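Here is the structure we will look at.
Letters A, B, C, D, E and F mark the chains as written, and numbering starts fresh at 1 in each.
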Amino acid sequence: MNISDFDKAEILVQALPYIREYNNKIVVIKYGGNAMISDELRDRMMTDIVLLSLVGIKVVLVHGGGPEITKVLDKMGKESTFVNGLRYTDQETAEVVQMVLAGKINKDLVQLLVSRGGRALGISGLDAGLIKASKKTDSGDLGFVGNIDSMDVQVITDMLEKGYIPVVSAIGAGDGVVYNINADAAAARIAAELHAQRLLLLTDVKGLLRDKDDESTLIPEVKVSEVQALKNKGIISGGMIPKVDCCVEAVRRGVKRTTIIDGRVEHAVLIEILSDDGVGTMFV
Amino acid sequence: MNISDFDKAEILVQALPYIREYNNKIVVIKYGGNAMISDELRDRMMTDIVLLSLVGIKVVLVHGGGPEITKVLDKMGKESTFVNGLRYTDQETAEVVQMVLAGKINKDLVQLLVSRGGRALGISGLDAGLIKASKKTDSGDLGFVGNIDSMDVQVITDMLEKGYIPVVSAIGAGDGVVYNINADAAAARIAAELHAQRLLLLTDVKGLLRDKDDESTLIPEVKVSEVQALKNKGIISGGMIPKVDCCVEAVRRGVKRTTIIDGRVEHAVLIEILSDDGVGTMFV
Amino acid sequence: MNISDFDKAEILVQALPYIREYNNKIVVIKYGGNAMISDELRDRMMTDIVLLSLVGIKVVLVHGGGPEITKVLDKMGKESTFVNGLRYTDQETAEVVQMVLAGKINKDLVQLLVSRGGRALGISGLDAGLIKASKKTDSGDLGFVGNIDSMDVQVITDMLEKGYIPVVSAIGAGDGVVYNINADAAAARIAAELHAQRLLLLTDVKGLLRDKDDESTLIPEVKVSEVQALKNKGIISGGMIPKVDCCVEAVRRGVKRTTIIDGRVEHAVLIEILSDDGVGTMFV
Amino acid sequence: MNISDFDKAEILVQALPYIREYNNKIVVIKYGGNAMISDELRDRMMTDIVLLSLVGIKVVLVHGGGPEITKVLDKMGKESTFVNGLRYTDQETAEVVQMVLAGKINKDLVQLLVSRGGRALGISGLDAGLIKASKKTDSGDLGFVGNIDSMDVQVITDMLEKGYIPVVSAIGAGDGVVYNINADAAAARIAAELHAQRLLLLTDVKGLLRDKDDESTLIPEVKVSEVQALKNKGIISGGMIPKVDCCVEAVRRGVKRTTIIDGRVEHAVLIEILSDDGVGTMFV
Amino acid sequence: MNISDFDKAEILVQALPYIREYNNKIVVIKYGGNAMISDELRDRMMTDIVLLSLVGIKVVLVHGGGPEITKVLDKMGKESTFVNGLRYTDQETAEVVQMVLAGKINKDLVQLLVSRGGRALGISGLDAGLIKASKKTDSGDLGFVGNIDSMDVQVITDMLEKGYIPVVSAIGAGDGVVYNINADAAAARIAAELHAQRLLLLTDVKGLLRDKDDESTLIPEVKVSEVQALKNKGIISGGMIPKVDCCVEAVRRGVKRTTIIDGRVEHAVLIEILSDDGVGTMFV
Amino acid sequence: MNISDFDKAEILVQALPYIREYNNKIVVIKYGGNAMISDELRDRMMTDIVLLSLVGIKVVLVHGGGPEITKVLDKMGKESTFVNGLRYTDQETAEVVQMVLAGKINKDLVQLLVSRGGRALGISGLDAGLIKASKKTDSGDLGFVGNIDSMDVQVITDMLEKGYIPVVSAIGAGDGVVYNINADAAAARIAAELHAQRLLLLTDVKGLLRDKDDESTLIPEVKVSEVQALKNKGIISGGMIPKVDCCVEAVRRGVKRTTIIDGRVEHAVLIEILSDDGVGTMFV
C-alpha cells in the first residue's frame, strides 16, 4: 500500500489523544494463546509493546506457559495424568513449568523486547517475594498448582520507576514450595495492586459473543453488574468464565477498564490502546 | 483515504526507531515564515509538537515576529524608516516588537499547545536573564536591534526538567535596554548551549537548491566544510546566508544535526523527525 | 540623612523577627494603580520584591493592565464603548489587552526584577493552563471579559520550587478563547490555591476609611465577619466592594492575612512585611 | 558446642572491622561447583549471603550451570558431542542451557534467598541487554558458546541502589542469538565494570597449591605479576588457568582483590569476608 | 577459648534473624550507672553500639551524668544542699551539670565511638531546640531541675537520615534558662517521638525482681496493665518507680518494647538486641 | 534616634547587593576576645548571625575558650605552669578545656542562637572525626596542645545542607588523645576545606595598624604577597603574627577573602558583611 508522508503524519496525529490519555499510566497485558505461538504475531506484539513503552506508557507483561511446557514434557518422556479434566502437576512437572516459564518463555520475550530497543527485565513471582501462593484445593488435588495468597508489587513499582518493562512469569511460592499460577489471575491481581489504568487479557477468540458461532454478535462492552445475567444465559460459559471472573475482580479492585482482546489480530494491543477501534470485550 | 487498522498500526510502528532515537533528547525548532501565517499550517505544527513532546522528545520552540509586528505598527500609524534596506527599530518600534512577540505570538502559540494537551510555558529572552544582548553595530545603526552576548539557559533546563515545552520569544536585554534579536540566531545559540540533538529552522523555501529556480535540485545534506565553496558559487546567497551561518555555528558548537526545512509542507516537523524522509537541507 | 553604621545594623536587626516569620512562606502581591505608573514607585517596589525574595520569602507578583492598555488602544485609534459604565472588550481589544499585559507590562516588570538580581519569570494565565476562564455574564455583555472557572497552580509551584519569582499576567482561556481577568480576583485565587501566608492588594487609597474624606480614620484591621455591617453602613462602597470581596474570599479559602495597602507610599510592601507598621487595612 | 553469651557477643564484635571495611562496598561472588550441588552447602551459602547483605554489603551473585544441565539433557535423551574435549552446544542444547540457568538454578537460588529474608532478584545476561556476546571461535566451533563483547551493568546498579541482591545467570545475546557464557568470565567482568571491592570465585579445590597433591602447600596470596612464572612452573595448570586469567583480568580492571576460594568449606564466603582467616588464594 | 571458624560463622548466622528484624529500625539506649563508670564495660558497650549501627540499626544514645558531676563539684569545693533527700541544683551547679554532661561525658562517648569506626555526633537538648523544659515543681523547689515540656526531634531525624549516631545529653532549656533533665525521662520521650522499635534503660540491677534479694526471681516480661498491681505489692518500689513509669509512658506512646537491662553484664546491649537471651525486664 | 519608615526601608534596600552576593555562600566566623566576654556584644553578635543565616548565608561559627577556662581552673584551685610564656596543658587541664569549650561556651552560644530563631547545632572537633590532631611540638612541650593533622568537614557540610548553623569547639583528637587546638587555625582550616567565601577572625584590636599606637593608621587591605615585608617592618608582630599566618594560609587554600575584624565594635560582623564599610584589615 502506498501512503503519503502527509497521511502517515495524520495517522500519527490521530494517536495523540490516546498517547496523552495513557501517558505515565500503567497497562498490564496478559500475554498468551496464539499470539504466543505464531512467531509473526509474537514479533509484532513485542514491537507494539516497545512502542507503547517509548511513548510513555508503563507496560507490565504477564505470561503463562501452555504449549511450550507440553513440548518439553514430551521431550522428557513425561506423561500427564488428569484430574477432572485438569492436568495434575507433580513435583517433576512443577520443576519443568518453572524452568520453561522463567527460563525459556520469559527470557525469549525479554530478548525480543531488548532487541527492539525496550528496556525489558524478566522476573518471576518468586523474585523479591512477588507472589505468595498456597496449594489450590478447590478443584480437587492438582498437585503443585497454587492460588495467590498475597502480592508484594514493590519490585514491579521499583522497576517501572527505573524505566524498565517488567516481564512476569506466573509462578509463586509458599512455605518453600513453588506453585504454578494461572496467568490470567496473576495479571488481574498485579493490575489491581498497581491501580493500573488498563488490563488486557489476550485470548484466541474475538471476545464475548452473543451467539458463540457468529463473530458479528460481539459484545463490545459489559458492565460488571451484567455479568451474572450473562452467565445465567450461557453467553459467558466454559473457559470464558474464569477469564471474565478475573476481569470482574480487577475492575472491583480499582482497575479502570479491563478488556478481553483477540490475540489473533495483528497489532491487537496497539489498536486497542492507541485508537478508537476496540478489538474485544471491555468490562467496566 | 481509507486505511485499515493494520496499516495504521504499521505506520505507528515505522516511527518506532525514530521515537527511540530521540527519546529524552532535545530538539530546538525555530518557528517562522508561512508556517506562522497560515492558520492551518500553524495548527498542524502545534499538534505535531505536542505529539513529539508526549512521545518523550524535549522540544524547545523559538519564534520571531514578522508580519504580525508590521500589522500592529500599521494600526498605530507608525511608519518605518530603512537603513541599507533593513528596518530601523526606534524606541517605540522596539516596544511594539516586545509586545507583539512576548504578548501576542508567544501566548497564542502557548494557548494552542495547551489546548492540544501540551504543557507549554512561554518565556522571552528577558526572563531569568536568558539572553544578554548589546546593540548590533555591524550593519549600520539599526536602533534597538541586538546581538547575543551571552546566554544563561538554566531557565530552559529547569523547565524541561519539570516537563514543560518552553516557547521562547527572541528578545534580549543589556544595560536595562531591550533589543530585538534575530530568531534564527537565538534558536541556534539555544540549541548549542543545550547540546541539542537537532536544530530545525523553518523557512518558506524547499531548502538549499543547486538551481534556485528548480526545486528538484534540492541538496539534501551539506558538510559544514563545503559551505564556503557553496557561497562562492552563489548557491548559498541572499537571505539564505545568515540562516546557513546559524546552522554552521550550531554544528560547530556541538549540535548533532541542523536542518533548514520547508515550513510550507504540512507536518514538516513530524516527517523530518519521525521518518526517513527529510524535507529540507541538513548540515552536519 | 546621616545614619551611623550601628543604627543601620540595628534597623536590619529589627527586621529579623519578620524575616524569620515569613521565611519560606508565600506572599502574593497584586500590583497596580499608581505604583505601576510612577517610575520611581515602580522601581522601588521591584527592588523591595527582590529583597524579599533574597531573604527567603516566596513572592508571587500578579498584575493587571490599566492605563497602558488605554495608551495602546489610543495609538491604534480604537474607540471604546461602554456597558453600564464598564468598558466593552471586543475581539480586537481583547488581543490588545493580551499583548499589553503579557508582552509589555509583564516583561517590563521581569526586566526590572532581573536587573536588580531577582530570578523573575513572567507567565500569563494561559501558560501551562494556569487560569481556566469563561465569559463573565453577571454584569451584562462585556465581551471578552472572563470569570475564573478553575486554576492549576502547578506551574507556579514548580517555579517557586526552582527559586524563581513568578510574575503573572491576569488573562485566562476557555474553549480556545482568551479572556481579560480582573487582577485582584486572580491574585486572591492564586493566594488561596497556594495557601499563601499573605495577600497584598496595592491600591491608590490609604485603606478602608471610616470617613472617606479623612485619612486619619483608617481602619487598620477588619474581621471578615464585620464586612457585611461595614457595607451596610456604606463604609465599604464603590470600587472598594470587589476588592474587599476578594480579600474575604481569600481569607475564607485559607490565606492567613490579606491586606489592602496604599501603593502610593514608597516601600509600602517592605514596610508592610518587614515591620510592625502597617500601611493599610488588614482582613483576618 | 556450648558457647556463653559473652563469647558469642565477642565473636560478633570480632567481625566489626570487616563489616566496617565492606560497608556499602560491592562483593561479586561466582557460585558453582560442589557448593551448588550439596543442599547443605548451598543452604548455608544462601544464608551467608543474606547476612552479608543485611550488614550492608552489596552482594552480586553470578552462577553457571553444570550438572543440572546434564541432568535435563539426559532426561530429554539428548546426547552430547565433543570438540577437543569440550561439549558442542547445538541449538537445542543452547535452549536447554538457557532454560536451566535462568529458569531452574536462578529461581531456586532466588527462592532460597527470599525465604531467608533476602531481597533477591534473579536476572540473566539477556535482561536489559546486560551481556552482549558473540560466537566464541578461539577453541574451535563449539556452537552456541559465546564470548562477552560488552556489558551494560546499569541494570545491576539500579537493582543495588534499590536494595536488591542481583542473582545473574551467565548467558548473553548478540544479533538475536543467545549464547552460553562462562560464569567465571561473566563474574570477573561484572566485578570489573562495577569496580567491586572483592571478587570471589568458588571452586572445588582448596586454592592454588604448590604441590597439587598436598593441600598444606596452599599459596594464600599471589601478585598478578607472579602469575606467568607460576604458569611456567606448572603450578597454575589445567582448569585453573582460565580461572586465574579471570582473576588477573579483574584485578587489572580495578577490582581490589579477587580470590579463588574453596566452596566445599562450610560458610566459606562468610569466613573469607568477615574474618582474618582466608580460605583460598587471593590475587592482588 | 578456642572456637572453630565454622562455629564462629554459625554464631554470626544465629544473629541473622535479629539483624533482619531491627534493620533500619530505631533503638534508643539510655546509658548510665556502672556501665558508665567501669572503663571496660563502657568500652565494650561503645563497640557494641558501633556494631549495631554498622549492621543497619539506627541507634540513639542518651546519657545523664551522675558521679562525674559530683567529682567536678567536689574539685570546685562546691557543697551540696538537699531538699527532701534530692540535691538542690543552684545556678552554679546547673552550669557544672551542663559542662560535665555536654562537654565531658558526651564528648568522651563520641570520641570512643568515632575511634571504633562509628559516625557519632554529640548534641544536647539545647541544640536546635531539641528539649523544651520548664522548672520542675512537683517535688519541692529543686532549683534548675526541669521537666520536659515538648520535644522537636527533627535534629535527631536529620542526623539519623545522614547516617550519624546521635549521642544526646539530657539538658533542656525554657525562657533562656537551662535545666537538668532526668535522662531516663529524656530517653523515653525521644523513643516515643521517634516511634522507636526498642527503648533500653541501662541500670545497675538485674531487672525487676519478685524478691529483691534474690536475682533468680527476675521477672522477664511485664504487661503495662500489670504495673499498678506490682507497685501495690511493693515489687516495683524506690528508684525503680520512675524508671518503670518511663517505660510505661514510652510503651503507651507507641514504642514497641521497652526494657530495663543490667548494665553490669558485659555486652548487655548486644545480647539483648541480637539474641533470644534477654538480660532484664521487658515492658510490653 | 527617630528614623522614618522610608529611611528604614532604604537601609534594608542598601543591604540588598550584599545579601545577593553572599546568598548561599559560606562565611566562617572565628569568635573570641571581648566579643565573647561582654554579654551585650555577645548577644548582638548572636542576633547578627541568626539574621545572616535567615537571609540565606551559610554561617559556620568557630570558637575557642580563653577566660572561661581560667575561671573554671581557678575554681578548681588548679595552678598553671608556663613554658616559654605559654601555658602548659596537663591531662587535668586538657579535660577542663574540653569541658568548658564543648560543654559551657558551645552550648551557651547554641542556646542564644536558638532563642533568637537560629537552627544552631553545636559540635566539637571530636564529633564524626572532624579534627584529627597530634601533639604540637614546635614550641616546646606544651602538653595536650595539638596541631591539626587533617579535617573531615563532611559533618559540617551535612549540617549546612540540612539548614543548621554549625557551632564548632576547637578541640581535636588523635590516637585516642584529645588536644586543645588554636581556634584561629581551626577556623582558617575549616574555611579552606569548605571553600568558604569569607573568613572573619574577631579580635580585640582595630585591625593591622601602621603605627600600633594610632588607630587612624589602619591598613584596610593587605595583599598576601605583602605580608612578609610587613613582618620585616614589624607592623605585623607579636600575637598578630599567628593570626595573619592563618589568614594567609586560608587565602592560599582558596578562601576568597579573610578579614581580621574588631570584635569590640557593635554589630561588627553585620557591618562587615552587609555594607561597604569594613571594620578591620582584609587579606586577599
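Heads up, the rule we're going with is that a contact is a pair of C-beta atoms (placed from the backbone, for glycine too) under 8 Å apart; a residue touches a chain by one contact, two chains touch by 3 or more.
Computed from a predicted model, the values in this text were never measured in an experiment.
Following the contact convention of this document, no chain is adjacent to both subunit D and subunit E.
On residue numbers, the D-E interface is repeated by A-B, which shares over half of its contact pairs, out of the options B-C, A-D or A-B. Over half of the residue numbers at the subunit A-subunit D interface are used by both copies of the sequence. Centre-to-centre spacing of subunit C and subunit F amounts to 45 Å, using the average Cα coordinate of each chain.
Subunit A and subunit C, compared by their mean Cα positions, are separated by 55 Å.
Centroid to centroid, with C-alpha atoms defining each point, subunit E and subunit F lie 35 Å apart. For subunit C, the set of residues that touch two or more other chains is empty.
If you sketch which chains touch which, the chains form one closed loop in which each chain touches exactly two neighbours.
By the touch criterion the chains form one closed ring, and its order from subunit E via subunit F is E, F, C, B, A, D. Across the interface of their complex, subunit E is touched by residues 1, 3, 5-17, 19-20, 23, 44, 47-48, 50-51, 54-56, 116-117, 266-267, 270-271, 274-275, 277 of subunit D. Note for the complex: subunit A touches subunit D at residues 72, 75-77, 95, 98-104, 106-107, 110-111, 114-115, 119-124, 126-129, 155, 158, 162, 164, 171, 173, 176, 178.
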